[in-house]
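One structure, pasted below without further comment.
Here the chain labels run A, B, C, D, E and F in written order, and each chain numbers its own residues starting at 1.
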Amino acid sequence: MAPQRLVEYADACPEVRAVYDDILATRKSDWINNFWKALANDPATLRRTWESVKQIMAPGALDPLTKELIYVAVSVTNQCSYCIASHIVSAKNKGMTDSMCHELMAVVGMANESNRLAAGYQVEIDEQFK
Amino acid sequence: MAPQRLVEYADACPEVRAVYDDILATRKSDWINNFWKALANDPATLRRTWESVKQIMAPGALDPLTKELIYVAVSVTNQCSYCIASHIVSAKNKGMTDSMCHELMAVVGMANESNRLAAGYQVEIDEQFK
Amino acid sequence: MAPQRLVEYADACPEVRAVYDDILATRKSDWINNFWKALANDPATLRRTWESVKQIMAPGALDPLTKELIYVAVSVTNQCSYCIASHIVSAKNKGMTDSMCHELMAVVGMANESNRLAAGYQVEIDEQFK
Amino acid sequence: MAPQRLVEYADACPEVRAVYDDILATRKSDWINNFWKALANDPATLRRTWESVKQIMAPGALDPLTKELIYVAVSVTNQCSYCIASHIVSAKNKGMTDSMCHELMAVVGMANESNRLAAGYQVEIDEQFK
Amino acid sequence: MAPQRLVEYADACPEVRAVYDDILATRKSDWINNFWKALANDPATLRRTWESVKQIMAPGALDPLTKELIYVAVSVTNQCSYCIASHIVSAKNKGMTDSMCHELMAVVGMANESNRLAAGYQVEIDEQFK
Amino acid sequence: MAPQRLVEYADACPEVRAVYDDILATRKSDWINNFWKALANDPATLRRTWESVKQIMAPGALDPLTKELIYVAVSVTNQCSYCIASHIVSAKNKGMTDSMCHELMAVVGMANESNRLAAGYQVEIDEQFK
């Protein structure tokens, strides 16, 4: 089996086109990235995932850039190369500078290290943290 | 073997006390949490880890709260219960509101989901992201 | 160092050939995939791994297709691109339709998300689940 | 900070109650488990997560039991103790026998092992799998 | 559902007892730890897992202590509290000193950090490593 | 965005050159691998990471080869292809034979499997391990 077919706009059914249109409008963009074109093989998942992303990543108590930084942090921790590449670009588009990117990676590295030190030393949770 | 002995201030060697003093002064706190007391069994790792944390978590291009949010995001992704508990408290101490915490968790959940959708659909990285 | 040499049938020692023969016969296939050719550098691991796979993936209380779906779910969660590619093909060969594949990915994504929500919200296990 | 407050039905706002009512009706159950009571601190996430779970776990090309098995497989791989405990119970409620549970665990263990053998031996993807 | 029943020696069927006897003899021990008592609910998995462990952990090109250190490193990386606790004890029984344990944890922490720095900086593999 | 620029020696600032010189001298090598050239975009992280690696990987209670084996074990568990490729080479340079490499992978695979069996069977930690 080849990796999933990518559903191009011209070939998309109306349900998929409606999501694509909303992605383009929401992001003020003129292209759809492969993640969505792959999900479009399953229109229900495409729609649900996009609706969730749109709702979750919208400005709220956290600003959109902070949310992108968090997204990158998770993707790096999971070693997901697609999401690292795409969300670093998204973060840059939302204002992440090189210095911010470097500090982000330093924190992600540090947290991954200390997570294992806490596990390896079998540290019990302090009463103050409960 | 019982889990690691916790090294209390009163029992600590001078090298460990020096680190504890710096933790207390830097954090303007009056107690040391178990993570450091466990690492103190290995003074070299205690010192190196604290120096790294102090340097990495200091204000820079990213503010300390944003760095804590990233720390929590990584810890949740790795399912490290100690670090989740301790860094949620740290984040609250640095200004994380309940709303910010809820949005943080939503983004972490979403990113973990989409990381797997990208992997499962074997999505290739767009030229625009390279 | 180059990645592991792949041991072709013609070059294999009798112990490796015996495993290859069993793979071909069990799977009613006419080729050996790279996973086994790489493991063949260590005949003991090749044999033990194949014997375990043959035993575990055989029809039992769960049918072979269900077992393949579970295999894919684990591989996607671990972001193992080789195993994703190979076991999606195996699942298709055992009857996985496109719709089943889409639903599989949706469940895997959802479970990865809710695992982190459970961790992030530090949810305690209900008495009813103990 | 104590772990998240659990929102009981009696204390819930109408938006949360509506979700709880739907959970109870959909599952033909008379209690709400802690996962939802914790998420209820953020009604938007509660609603979105429940709607997604309800849609994804409904009968489709895969039957509900198979979906639960996949959910457990992911949760075990991620070492999420809450989700392991709760979804094993769900799977049993949907018909998982002890034998099926044992085979599920064997496949999950095997897949986690072979994922690392594939990575460690740096196995390249066969042309036939592309 | 309560967590898995533990199968005690007195209640075990002959197939399980044979494995228990071999564990006790091989390890020159007088008790069986919970891991095996839980697996004993599925005698086939108990036997296969024990045979694999016995073969893999036996002295070979790597000595048994080194193998235990590797086992702990994996378990810490996966945040598996049971395996961390049990294999730290095994490693101590095979000669791991406190200093060795501390260095082990330092390497595990460092590797987890640098794995993410490599991913986050999207580092391409040098020709010399291929 | 293209992946991180690699900072070559000729283009490096004095702070980066000082680290590169120390890497070359410490390793008695005549080239710098891409990991460090990527980190050099952030001289503070380059220096801190190198100082930590140099300290942690130096001979101590554990010999350098054992430390490399542990490094590989973590990298394989995390599916980090860069670190797998680079640290397998480092391990070979420090004396890892093919047989040792094969046994390493077998232990890593086994540990990843048993970590999930322990989680899936919800095994409680024995008193003797506490």
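By definition in this document, a contact is a pair of C-beta atoms (placed from the backbone, for glycine too) under 8 Å apart; a residue touches a chain by one contact, two chains touch by 3 or more.
Quantities reported herein were computed from a predicted structural model and do not represent experimental measurements.
J.: Work out which chains are contact partners of both subunit D and subunit E.
T.: A, B, C, F
J.: In contact with subunit B and with subunit E at once: which chains are those? Just list them.
T.: A, C, D, F
J.: If every chain is reduced to the average of its C-alpha atoms, which one ends up farthest from subunit B?
T.: Relative to subunit B, the chain whose C-alpha centre sits farthest away is C.
J.: Of all the other chains, whose mean CA position lies farthest from subunit F?
T.: D
J.: Which pair, A-B or C-E, has more C-beta contacts?
T.: Higher contact count goes to A-B.
J.: What angle, rounded to the nearest 5°, describes the rotation that places the Cα atoms of subunit A on subunit D?
T.: In degrees, rounded to 5: 180.
J.: Find the pair in A-B, B-E or A-D that has over half of its contact pairs, by residue number, in common with D-E.
T.: Equivalent contacts to D-E are found in B-E.
J.: Measuring centre to centre with CA averages, how many angstrom lie between subunit B and subunit C?
T.: Using C-alpha averages as centres, the distance is 34 Å.
J.: What is the distance in Å between the mean C-alpha positions of subunit C and subunit D?
T.: 21
J.: I'd like to verify one number: the distance from the centre of subunit B to the centre of subunit D, where each centre is the average of its C-alpha atoms, in whole angstrom.
T.: Computed value for the inter-centroid distance: 27 Å.
J.: Please output the residue numbers of subunit F that touch at least 2 other chains, ranges allowed.
T.: Each of 1, 3, 41, 44-45, 49, 52, 77-81, 85, 88-89, 102, 104-106, 108-110, 112-115, 117, 119, 121-122, 129-130 in subunit F touches at least two other chains.
J.: Chain touch graph shape: choose line, ring, star, complete or other and state it.
T.: complete
J.: Taking the touch rule as given, give the residues of subunit F at its contact with subunit A in the complex, in rising order.
T.: It comes out as residues 1, 3, 41-42, 44-45, 49, 78-80.
J.: So in the complex, which bits of subunit E are touching subunit F?
T.: 3-4, 31, 33-35, 38-39, 41, 45, 49, 52-53, 56-57, 60-62, 66-67, 69-71, 73-75, 77-78, 80-83, 85-89, 97, 99-100, 102-104, 106-108, 110-115, 117-119, 121-126, 128-130
J.: Going by the contact rule at the top, pick out the subunit B residues touching subunit C in the complex.
T.: Listed in rising order, the residues are 72, 76-77, 79, 81, 84-85, 88, 104-105, 108-110, 112-117, 119-122.
J.: Which bits of subunit B are touching subunit F when the two form their complex?
T.: Residue list for subunit B touching subunit F: 1-3, 44, 48, 52, 55, 129-130.
J.: Could you please specify the touching residues of subunit D with respect to subunit E in the complex?
T.: 79, 85, 88-89, 92, 98, 102, 105-106, 109
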